[in-house]
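What follows is chain A paired twice: with chain B in the first complex and chain C in the second.
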Partner chain A sequence: MTAVYKAILNLVIAFFFVISLEGIARKITARIQRRIGPPWYQNFIDIFKALSKHPFSNGWIFDFGVLMALGGAIATAAIIPMGSTFWTPFPNTDNFFVIMYLFAVGSLGMAMGMVGSGSPWSAIGVSRALTQMLGYELPYLVVMSSVMYMYKTSSIHLLIEKQATNGWNLYVMPIGAIVAFISLIGMLGKKPFDIAVAPAEIASGPMAELSGKYMGLLQIMHAFSIFVEVGLFVDLFLGGGSLGWFLVKFIVVWVLATLISSVLPRFRIEQMLKFYWGVPLGLAFLNALFVLLGWTF
Partner chain B sequence: MKERTMWEQIADSLRSRSLWMLHYCTGCGAMELPPTMTARFDMERFGVAPMATPRQADIMLITGYLNTKTLRRVIYTYEQMADPKYVIGFGSCTINGGIYFDSYSTINRLDYYIPVDVYIAGCMPRPEAILEAFNYLMEKIRKGEADGWKRYKENYEWYKQNQIRSLGEVYVHDEFHE
Partner chain C sequence: MFTLLIALLIFSVVNYFISKASWRVGSIINALIGSYLIFQVFTIPKGTEVTIGKFLGETLALQWTNAGFYFSFVSLLVIVAVMFFAIKWLDSQKHPAAFNMFILMVTAGSLGVFMAKDLITLYIFWEIAVLSSMLIIPMGKKESRKAAVVYAVMSAVGTYMFLYGAFMIYSRYGTFSMPEIAKNLANDPSTSFKVAVVLLIAAAGIAKSGIFPLHTWLRIAHGNAPDAFSAVLSGQLVKLGSYVLMISVAVFPSLKIFANLKLYSGVPAPNYFLIALGAASIIIGTLMAIKQDDMKMLIAYSSVANGGYILVGIGTMDPLGFEGGVLHVFNHALAAAVIFMAFASVVYRTHTKKISELGGLIHKMPITYIAYLFAIISLAGIPPMSGFISKWMIYQALVRKGMFITAAIAFFGSIGSFLYVFRPLAGVFLGQLPRKYKDVKEVPPIMWIPMLVLVAISFVMGVWPFPILQPIENMRADFGIAPSFKIADAQNWLVRGFSGSWNPVIVFNLFITGFIVAYILYTLFPKPKKVDLLKPHKEEGAPINIYTSGEFIYTPELYHYNTKFYAGFERMYEKHPSWEKLLYMLAKFFHDVGEWIHGWFFRPSPSAYTFWLAMTILIIFWVRW
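Presenting the complex of A and B:
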């Protein structure tokens, strides 16, 4: 029973905390551009306004795809450990592979629904998003395999416990942590890699046909995805700690990603693939070699 | 005016604080939007943000004169927007035709074709005037007076009749594939 309460706490934190952070990210970007920027709660207003509008549907595949995306993201966010074994809702299922597979359900639901809208912009956006997934997943998974090989487990809360004795993975394998952070920026869809959602070129890409409530649901889904992506990075590379420390580390990683993204322009799709399959993938393999040889700190 | 329920009042105050805009940049008014968006005037502090597609937009900015060819596209775009939707007409061109009042291909009064919630006078309005118009529109939405989208539904026959009288037909032909 406590597991359910902890999962609900996970979702509540994912909703309020991450959406506030998104607003703060808009504020930070505005300050960098010497603007005042919207208030930090602007994203709450945006979401609830979007939910209050009267949308258009594009058939049941479209409706189902949006719901599947939201459901997949919620299911993944519910099983993410928050910094310690105590704040792990389901200690037997928080396997890295379970999380990656469940997370793919959300992305595929979004892809299905958006292509189901029939708009060419959506189709282009979805194909770009899936290509980008191919780009960042490869170095990320190579780094993750070396982490799991080193500690001989793929359970996230066990990896956190191992880091408590062994030191943060950020210090144990710095190259791997850097590669994972670069992949994280691509996962979040932040600035150099916001190819899928390119408002100026392909009219918001996958979201081209989303109106009103669908847009609100997708923004909530996006918040849960951010919680999963950044939370996983914090758990795997920045060690454990209490719930408060987890949230502080979360804020640090998020603000760093925002600062990087607010000063960079956008890659083209083939530049992104060349980038990810070049230096980060090479560094990921180098990191794996170091782990195999036992050359870690 | 009809009494609003509490839910509608909350929804209206949310809508007033988060206006996503679609700028239909047909005329000179488009030039005034970049300074309004960027560092000097910064409209994002009011929650006004540009959106790329009509499906997500709340307000449509008609930035200047409209000839009959673009009016068809404007009507299409307006009808694609999701329901509480508002229109701002920029400059004297949308009020009475402005300096194009005797042009054979330009419409004079936008209000005949789609309902306009706020007009900005001037040729062209400065960014200060645009921000003033946004604030005025927010006030109107909060009071529930910005009901252009309801008027368009109620008087659809009248608007359609005006559109057909000026355009012949509203249908947009696909010039490349027909």
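Presenting the complex of A and C:
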């Protein structure tokens, strides 16, 4: 039963904490661009306003896609360990590949529902998002394989425990951590990798047809996705600690990603692919080689 | 067992005449026989052995093993689904009687391959399966004749190498029986002989399951075969190849045979060679599938990639990798069969297989869409469908062995599969319905029920995989690949890897809970107004109500994005080298040489012809006597 309470806590933190952080990110970007920016709670206002409006639905698959997206994101966010074995809701199931593929349910649901809306903008956006996935997942998964090979486990809470004795992976394999962070920016869809939404070119891509509660629900889904993506990075590279430390590390990673993204322009699709399959993939293999040879700190 | 096979072969001919009178009766009888066979494979006791004849003084025999049971069961699931599907679908075909006959022959041939105890029996039934399937392929369209030839040639390349290997073994050990060969190979001092023999036997599997150098027939044969038969080709016949590959690395215990040839983390060099071929197939299959416009060819290339997965998994000879590879046989068989049947339904109603000519069929064929959706979730390896379990096991094996490059290629294939399976989803089923298909209807229940049944099996095995993992564990025990832990732990509801485990029931429950929470949130907020995407079809001159930057759109099909779906990515490898073109150049070369010889020696004059005939006979006499 405690597993269920812990999973619910995961979801509550994911909701309030990440949506506040999204507001803070808007504030940071605004300050860098010498604007005042909205208040930190602006995203809560946006979501509740969207949820309360009368929406338009483009057919049953549109509704089903939104439900599948949110459902998949909730399921994944519920498994993520938060920095220690104690805050691991399902210690038998927090396997890395399970999390990555369960996470894909949400992406597939979103892609399906949005293309189902019948708007060509959405279809173009989804095709871009899937191509981008091919770009960032490859270096990320190679780095993760080397992490799992080194510690002989793919269970996230065991990897956190191993780091407690061995030192953070950020220090043990700095190259791998850097590659994973670059992939994380792509996963979050922040600039320079916001190709899929690209508001100026394709009318926010997949979101073109969203109105009212559909927009609100997908914003909540987006918050859960950020929780999964950044949470995994913190767990795997920044060691463990209490729940408070986990959240502090979460904020640091998120602010760093925001700072980087707010000064960069957008890549084109093939530039993005060439970038990810160039230096980051090469470094990921170099990191794997170091792990094989035992050249870790 | 033997009487069963002979009865099937004889009845297939009888059924031809029944079908000539009424093909529908024939196809219903087929479906009933198939269902009976599924029941029958459970009743044959393991280890039953039947002698069927003699060849070169050696007894030919059938033996019922765990591996044979598993492969027969998977094959029959696919074939029976297609047989039921064909009861209605055959009315779009020109030769239903011949189809009914040959599909029974394919069944008999495949079952014989899985029952064979020695290489010659395997070869005989293999040829029955290949030839009868080869005769179904040209029933499709005009290009299908050529497809059948390419299929036959590629198959022949593999089977001749297989036969050559079989006779090499016979001349050295004097036996064809597989358990005997395995014993002899393990004690043989000559490394080069063992490598040659194992790779020659594997060649038949490489050709049949569409692994890299011999993969080109899949696109042509699967793309042009009669639509429902593509499901059998991709779901079942390709798995004959996986079975032979399994024989060459697991039944002939490669870890023992090549104990002094270990290349890297305990994987022997010949296995590594096969894994490299599998990895090449994953890359080629994925990249080519992404850019196809013909939806059947797209999934044909995906079969190349998935054949690569199976080979990579089995080739590692790791307990997890082996189970993953063998379970992938089941997953890919079911997923590919459903996908091809869904496409057959689409073609049955719309008469086209080009993605760029279709769109929006979800409004007209929702059940076909649901079947396709769940099949691609399994094919892409997303939980809670069973496709995830095999991919997870293969990844575990690759990470454990530290095979990072193969792992990276497997990841590429997996993410790439999201791309290519989404293309027909978006292009054929979602988006805007072209005006010419506005009167299309859903296919009748006898066509969609088999699809949904297969999808349901795949789903149940994704949530509770232990019934299907048990026969695989038995097989693994037969081949002596022992893990240090229990992989399928049904007591604790866990599937274990070399490190860490996961509970499929929890994953499924989380998924359902997430869905229910999402649904509750959805119902809490105001009800939506419906946008009718089919309005321009119903009312002449009504615009479509979607965001279009201020334009009024009266021709929605022009705004359906399905051509060059991944243009940004496809552009990057437009000028790729083509193996298929190289093979055609080779074929052209031999053709020209043949033409030259023909023109030189067999000029159309009877006297020259007689002269060369006499010369040939004289030479034969001179050499022989």
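Heads up, the rule we're going with is that the second predicted complex is superposed on the first by the 297 of 297 C-alpha atoms of A that agree within 3 Å, B and C clash if a C-alpha of one lies under 4 Å from a C-alpha of the other, contacts with A are read in each partner's own complex, and residues count from 1 in each chain.
Criterion: a contact is a pair of C-beta atoms (placed from the backbone, for glycine too) under 8 Å apart; a residue touches a chain by one contact, two chains touch by 3 or more.
These numbers come from a predicted model, not from an experiment.
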Contacts of A:Val142 with chain B and chain C, given as first, second, both or neither: second
First (chain B), second (chain C), both or neither touched by A:Ile45: first
First, second, both or neither for A:Thr93, with chain B first and chain C second: second
Contacts of A:Met133 with chain B and chain C, given as first, second, both or neither: second
Contact breadth on chain A, by residue count: chain C or chain B: C
Touching partner for A:Gly212 - first (chain B), second (chain C), both, neither: both
Chain B versus chain C as contact partner of A:Lys53, first or second or both or neither: both
Chain B versus chain C as contact partner of A:Ala203, first or second or both or neither: both
Touching partner for A:Ala73 - first (chain B), second (chain C), both, neither: second
Common interface residues of chain A - those touching chain B in one complex and chain C in the other: 52-56, 121, 203, 208-209, 212
Contacting residues of chain B [partner chain A, same complex]: 11, 14-15, 17-18, 20, 38-39, 42, 44-47, 50-53, 55-56, 58, 81-84
Footprint of chain B on chain A - complex, ascending: 26, 30, 33-39, 42, 45-46, 48-50, 52-56, 121, 199-200, 203-204, 207-212, 215
Chain C contact footprint on chain A (complex, rising order): 7, 51-59, 61, 63, 66-68, 70-75, 78-79, 90, 92-95, 97-98, 101-102, 104-105, 108, 111-112, 115-121, 123-124, 126-128, 130-131, 133-134, 137-138, 141-142, 145-146, 148-149, 151-155, 158, 203, 208-209, 212-214, 216-217, 220, 268-270, 273-274, 281, 285, 288, 292
Sites on chain C touched by chain A in the complex: 360, 362-363, 369, 373, 377, 380-383, 388, 391-392, 395-396, 398-400, 402, 404-405, 407-408, 411-412, 415-416, 418-419, 422, 425-426, 430-432, 492, 494, 497-503, 506-507, 510-511, 513-519, 521-522, 525-531, 533, 544-549, 556, 559-562, 565-566, 568-569, 571-572
